[in-house]
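Each of the next two complexes has subunit A plus one more chain, namely subunit B in the first and subunit C in the second.
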Partner chain A sequence: MSPRPGYVLEVDRSTPPTLFWHGEGYRLERLPQGSRVVYAPEPIEPLADPVAAVRHALDHPLGDSQPLRSLLRPGMRLTIAFDDVSLPLPPMRRPDNRQLVIEQVLDLAAEAGVDDVVLIAALALHRRMTEAELRHALGDRIYDAFAPHGLLRQHDAEDPSELVHLGTTDQGEDVELSRRAAESDLLVYVNINLVAMDGGHKSVATGLASYRSLRHHHNAHTMRHSRSFMDQHRSELHSSNWRMGRLIAASGVRVFQIETTLNNDAFPEQFRFLQRREWEWSARDRAAFVASSAALARTPARLARSVLHGIAGPHRMTSVQAGEVEAVHAVTTGHVHAQQLVEVDGQSDVLTMGLPYISPYNVNSIMNPILVACLGLGYFFNLYRGRPLVREGGVLIMSHPTRKAFHPGHHPSYIDFYEEILAETTDPAEIHKWEEAFATDPWYVHLYRTGHAYHGVHPFYMWYWCAHALDHLGAVVVVGGEPSTVRRLGFRPASTLADALEIAADVVGPSPSVTHLHAPPLMIADVR
Partner chain B sequence: MKALVFERAVARFAAARVAATLRGSGHGAAAGPLRMVDADQPDLPGPAWGRVRPLLAGICGSDLATVDGASSRYFEEMVSFPFVPGHEVVGTLEQPPDGSPLAAGSRVVIEPVIGCVPRGVEPPCPACAAGDTGACQHLAVGHLSPGLQIGYCADTGGGWSAAGLVAHASQLHAVPDGLSDEDAVMVEPTACAVHGALAAEVADGACVAVLGAGTLGLATVAALRRLSDPGQLLVGARYPHQRSLALELGADRAVEPDQLDRSVRRATRSLRLAGQVTAGADVVVDCVGSSASLAASLAMVRPRGRVVLVGMPGRLHVDLAPLWHRQVTLAGTYAYGLEAGGRRTFDLAFDVVAAAGLGRLVSARYPLERYAEALAHAGAAGRRGAVKIVFEPGQRPPRQVPPDERAPRTVASGAPRPAGGRSGAGGTRRSGTRKGRTP
Partner chain C sequence: MTAARRDPDLGAGRQPTGRRAWSASAVTGVGRLARARLRRATRPAPFPWGAPTWPGTVARPVPSSGLGDEYDTAWARRYPVRLARAMVTDNLTRPAVHLLASPLVRGAELLDMAEAPVVIVANHTSHLDTPLLLSVLPDRIRHRTVVAAAADHFFDRRWKAHLWAGLLGAIPLERNRVSRRSVDEATALVEDGWSLLIFPEGGRSPDGWQQELHRAASLPAARTGRPVIPVHLAGTHRILPKGGTRVRRARTTVVVGAPLYPEDGEDARHLSARLETALATLAAESRTDWWTARRQAAAGTTVQDARGPDASPWRRAWALGGTPAAWTGEHDSSSAHGDGDPRRWAVRRD
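Up next is the complex of A and B:
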């Protein structure tokens, strides 16, 4: 039986309560009658033989690229860059797509007699991955072959000797890249295209770049003009990356792009109810919901976090394509859309969503308040094509505990950003004046380079990610969050969904239309 | 006439300490040696002394420590019992000293330190001869009973009295007409802050951190901003209204106390090592005076920097290894006197109070009869959204006040109010952030 497409349910008297994620837990909420609930398409069939599919993609590249084996020769410098720990969510069961692809790239390189091979985790300004995370992404065989010899590296955007300035685009954007990647005879980039924002020229132009480059598109102006950044044709974020990518190619950097997609089979069997439609829950699903939600509610947040971050998603590869960047990404985007697009007819006054325990920037870490804002207003709000799910001036209601809790090792500059910057303003454009001080702070630089800290400027980027939503919305309400923390973010706290809807009614008028985004699993609302 | 008197009673000292421990600062009043009496006016010690009838008299951190039985025993020989507390005083000069240019009926502020001149010590000590009365060491000699200040001396009376007090001509400062009573009662604590701010020796453009934002901390912020030119003035303040006031008074940034070292680190672009900010603030002004605040100050000052103790400490337990290793100067500052440049600290304090409008820090006024409530309010000033609590000794409480209307008189309408003030707001105590004290 083929998987069912996405679905928009209209809530009526017979509709069971709707599942809302709530950080390290979840709740059942009753939405007003007439509300719409947008469900993601069911997981599409994965590739039956991903190894063969990878081999086929490498031998039959897209665009004007030659097959990978013909690009490999003895004595050449080969660099293989790959997406970091921020993808996919949740982390996938072994073997990870990156392992499946890179093992075959390395086999071809060995067959061709290439012995100068370096692997680079394309971190951009993200935190360095731990050994366990690298082993999970690449597999033990690759890790043990490369890491002990210093050939498995993590991009260091603060090492001047490891960066090279390739020039500026016609818009005056600096392009500064990993020297090893730029000066290799061939740069193979291996990605996991979880959402439509990922991949394309963004892989290299962002993943292997420095602050000097990133500041041109990671800013409030760009994000306000990316509507949405999940739609590359209407995204200034992508326009800038595409300009940079073309400059990289024109500079003589030869990129062989390998992109993979996943189905949205995000949760294992015992949590399968999380991606099922509530009226189709079996007795076993209901029992699993009751047992797990009660257990998580009684578990300290730290332990609950540990349990949930231990979940490995059963999602599997649905496509792999290789070759020239733009040709590859056009096909990849089609595969993402095939899995994630849901047609939705028109906008509503209120958009509700439950935010889960994980975002791209807190894998094995704490979802701090800034990441809560980014996940809701950055990622989930932007999961649309055409128009946002909520009308201009409408209200976004998010459910999340929103605790004032930070991982001091991963997010040190976030703490200062929260305490000092958000105490003064929550305007994404206004915070820019503090950006450079954070970006060049020597302590943050030290922690980024030697520890597992996100770069000092990263919280600014998270807040810029919210810029489009903050411009668009009349108010943001957080259900069940710490009131003082929610207010620090510039949002309004509510104890219950009913209270939140009352607050929303004050903004948009009585009896508002409501749409609930039932994510994860991830989807893209194609709003007509 | 009613007056509050503090007597030597060892058992009641202990009771006060227990009450304050169990119920919080200020609650020692209910069980301790402080009691209300009918008092006569104190005798004039000599012709150079005058009589002052208090209009407002502040409750200081050192007063609370005394009432709660928590003062350092260091001061035991510098007080004489029984004494009437109250050294932050604005009053009416009822009987001017002989030869005084001040007219009867004029408003005056008391400079309470009882140095050589009021004590009739001849010749005065070198400090008093130079006008630096805060450094006088003749606090227990001369023709007066021991007492480092009015408010701790059995012979002078103090501000918490409707009967009035006596002060030497050298201790009287005329209050300009443009200054309200609330402003004037802030002159004495501001003088302590001014003295501390100048002892900080802030170079132009320096990074200065102030830890604590009670009366003394806020007055220090005002003084630092007006008497020096710091490049960054950062304040650690526990309560939201304190942070708002710190910003109004000239702080560049006001954060919670446990975030102050982070702000200092960011402002100085320091690294961290062994729990210390490697570069750090040029000057840290500790307006709390606890072990935690001193340790925090040492952790955020730069090598060869300066930590200034403005808040009165007691017996502290602090690791001084960083002080030794980083060659930090620890400076104590007490009271006031003559500052570099030859101006009296009190004269500078008048200027700072007027320029900064520090009368806004007076949050509530109580009649003497409600002293227990007043002291409890002062002890919980921060979490109740208040800053400075004062007595209004001439004010009689209204009769038969219903319990639910028993609120203190607040500052006269039109006067600035502390932002975020919420009388009765709850909260919990944390070490390192208790109210600063100056004797």
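Up next is the complex of A and C:
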């Protein structure tokens, strides 16, 4: 039976309670009658033979690119860059798409007699990956062949000797890239396009860039004019990256882009209820929900986090495209839409969502309050095409414990950002004046380069990520969050969903229309 | 009746004392506990402990085995079954209802004048509404009336479907979506000479205030052109409210409105809007009097008044409790009719 498309349920008196993620746990909440619940499409069929599909894509590139094997020759400098630990979510079961693709690329390189090959994790300003994470993404064969010889590197955006300035765009944007990537004869970039925002020129122009380059599009102005990030044609973030990408190509950097897509089979069999519609839950699903939610509620947060971050998603490759960046990305976006688009009629006064334990920036880490805001307002709010799910001046209700907890090794600058900057203001435009100080702080730079810390400026980017939502919404309410922490973020705390809806009614008027985004699995609401 | 109430010492303001008081309260407590346990034991476990309910707005992928709106009720309209039902209704149901609800009927002559088949529509606050309404209908209509009942509630189990079809002449009606099958069946029965009793709110009001009407409820009348008689029931909410498990005696008022005739080419939506106004006017009449209700209707505030204040649940309940005439039948002596005796223009259907 073919997978069912996404679905918009209208809640009535017979509708069972709806699942809400709540950090390291989940709850069943009863939504008011007449509310809408947006469910993601069911996972589409994966490729039956992904290895053959990758080989076919490399031999039949899109756009004006030649097949990869004809671009490889002895004596050339080949750099293979790949997406970092932030993709996919949750991490996929082995073999990861990156391993499947890069092994094929290396096979061709070996056949062609290419000796000078370097692999680079395209971190941008993210934290360095651990050995376990690299092994998971690339597989043991690649790791053991390259890492011991220093040929498996992680992009260092703070190493001046490893950066090269390629010029400025017609909008005055600096383009500064990894020297190794820019000076290679061929740069192969291997993507996992989990959402429509990923890939395209953004891969190289962001993943291998420096702070000097990134600041041109990671700022409050750009984010406010990206409506949304999931719609490349209405996203200033993408416009800026496309200008940079074209300048990179014009500078002589030859990029061979390989993009892969996944189905949204995000959770394994024992957690399948998380992606099923509640009224279709079997006795086994209900037993799994009752047992796991009760166990997680009684488990210390640290242990619950460890259990949940140990989940490997069974999502599998649904397509692979290779060749010229823009031609590849157009096809890839079509595949992402085929999996994730859900048609929704009109906006509502209130949008509700349950936020899970994971976001792109806390894989194997703690979801700190700033990342909670970023996941809700930056990511989930922007899971739309056309218009946001909630009207302008509407209310966003998020369910998450929002604890004041930080991973000091991964997010050191977040702690200071929370204590010093958010205590002053929560206005994304206003925080800009402190950005430079955090970005150039030598201690943060040291931790970023030598430890596993996100760059000092990263919490600012997370807050900019919320700019469009903050601009659009009348209020943000967090259900079940620590009140003091929620208030520090500039949001309103509520004990229960009913309380949150009452608070929302104060803002948008009585009897508001409500839409619930039943994610994850991820989807893009195509709001008409 | 509890042991405490059977005790002769408890009458005339005397209170039991000492050991007797202790034993009376202990017996009462045990009874309550037993009832509560029985209720718990027989009530289906809520989701997620029990199976989830199916949203009415979602089509079931696999047709159920002859239940819901697919249940065939033709057997319940065969002559022997109708005869048995008439005997039960006239000899058991009606006396029980009159004992329990003491219905005061206003506008009974409109029912007497009605030419069957008719579509009778009423507000809905209690499971008692159906037997009450059947018991006040004239015999010639009562014994040839089918009752539209929620397919997902009364026809979701085979034993329930048999019981309600046989006892009340119920037919299944989808209340959460427009179902061609159930509307077609209701229309065919009206065309065949059966009167139809329907609660267009689609379910019992959770708090006693009128709810929005379902358009589907007007379809049989709009299609057949038969008159619609609006009826307002007040007081049944006190006897057996939604979610309640204990039945209490209370007085009820049944206000019958003038029949509405579908106009040529009038669609169900328009008829439904007229019907909503008519029901709201009857609700106002049951709270006040005919003249005051007419004035409110002329002012155009009736429908909103009938739906209650747009406020929190307790305030809605509070506002509802402020209309004692509607629930107790004890009408305000300062009403527009001067002498304050509602029985001057109302009759009891005993």
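Criterion: the second predicted complex is superposed on the first by the 528 of 528 C-alpha atoms of A that agree within 3 Å, B and C clash if a C-alpha of one lies under 4 Å from a C-alpha of the other, contacts with A are read in each partner's own complex, and residues count from 1 in each chain.
Here is the rule we use: contacts are C-beta pairs under 8 Å (C-beta built on N, C-alpha and C of every residue); 3 or more make two chains touch, one makes a residue touch a chain.
This is a predicted model, so every value here is computed, not measured.
Undergrad: Could you check whether subunit B and subunit C clash or fit when both are placed on subunit A?
TA: Aligned on subunit A, subunit B and subunit C fit with no clash.
Undergrad: Determine, under the contact definition given at the top, whether A:F289 touches first (subunit B), second (subunit C), both, or neither.
TA: In the superposition, A:F289 contacts subunit C only.
Undergrad: Return first, second, both or neither, reflecting whether A:P442 touches subunit B, subunit C, both chains, or no partner chain.
TA: first
Undergrad: Angle subunit B-subunit A-subunit C between C-alpha centres, in steps of 10 degrees?
TA: 90
Undergrad: Could you tell me if A:S511 is touching subunit B, subunit C, both of them or neither one (first, second, both, neither)?
TA: A:S511: touches subunit C, not subunit B.
Undergrad: Could you say whether A:E278 touches subunit B, subunit C, both of them, or neither, answering first, second, both or neither?
TA: second
Undergrad: Scan A:S14 for contacts with subunit B and subunit C and give back first, second, both or neither.
TA: A:S14: touches subunit C, not subunit B.
Undergrad: Of the two partners subunit B and subunit C, which one touches more residues belonging to subunit A?
TA: Touching more of subunit A: C.
Undergrad: Using only CA atoms and the superposition described at the top, report the least gap between subunit B and subunit C in Å.
TA: It comes out at 32 Å between the closest C-alpha atoms.
Undergrad: For subunit A, what residues appear in both contact lists, the one with subunit B and the one with subunit C?
TA: No residue sits in both footprints.
Undergrad: Would you pull the subunit A residues touching subunit C in the complex into a rising list?
TA: The touching residues are 9-17, 28, 278-281, 283, 286, 289-290, 510-511.
Undergrad: List the residues on subunit A that touch subunit B in their complex, please.
TA: Against subunit B, subunit A makes touches at 415-416, 419-420, 423, 437, 441-443, 446.
Undergrad: Considering the complex alone, what residue numbers of subunit B touch subunit A?
TA: Counting only subunit B, the residues touching subunit A are 253, 255-256, 259, 262-263, 265-266, 269-272.
Undergrad: Can you check the complex and tell me which residues of subunit C touch subunit A?
TA: So the residues of subunit C in touch with subunit A come to 47-49, 51-58, 152, 176, 203, 310.
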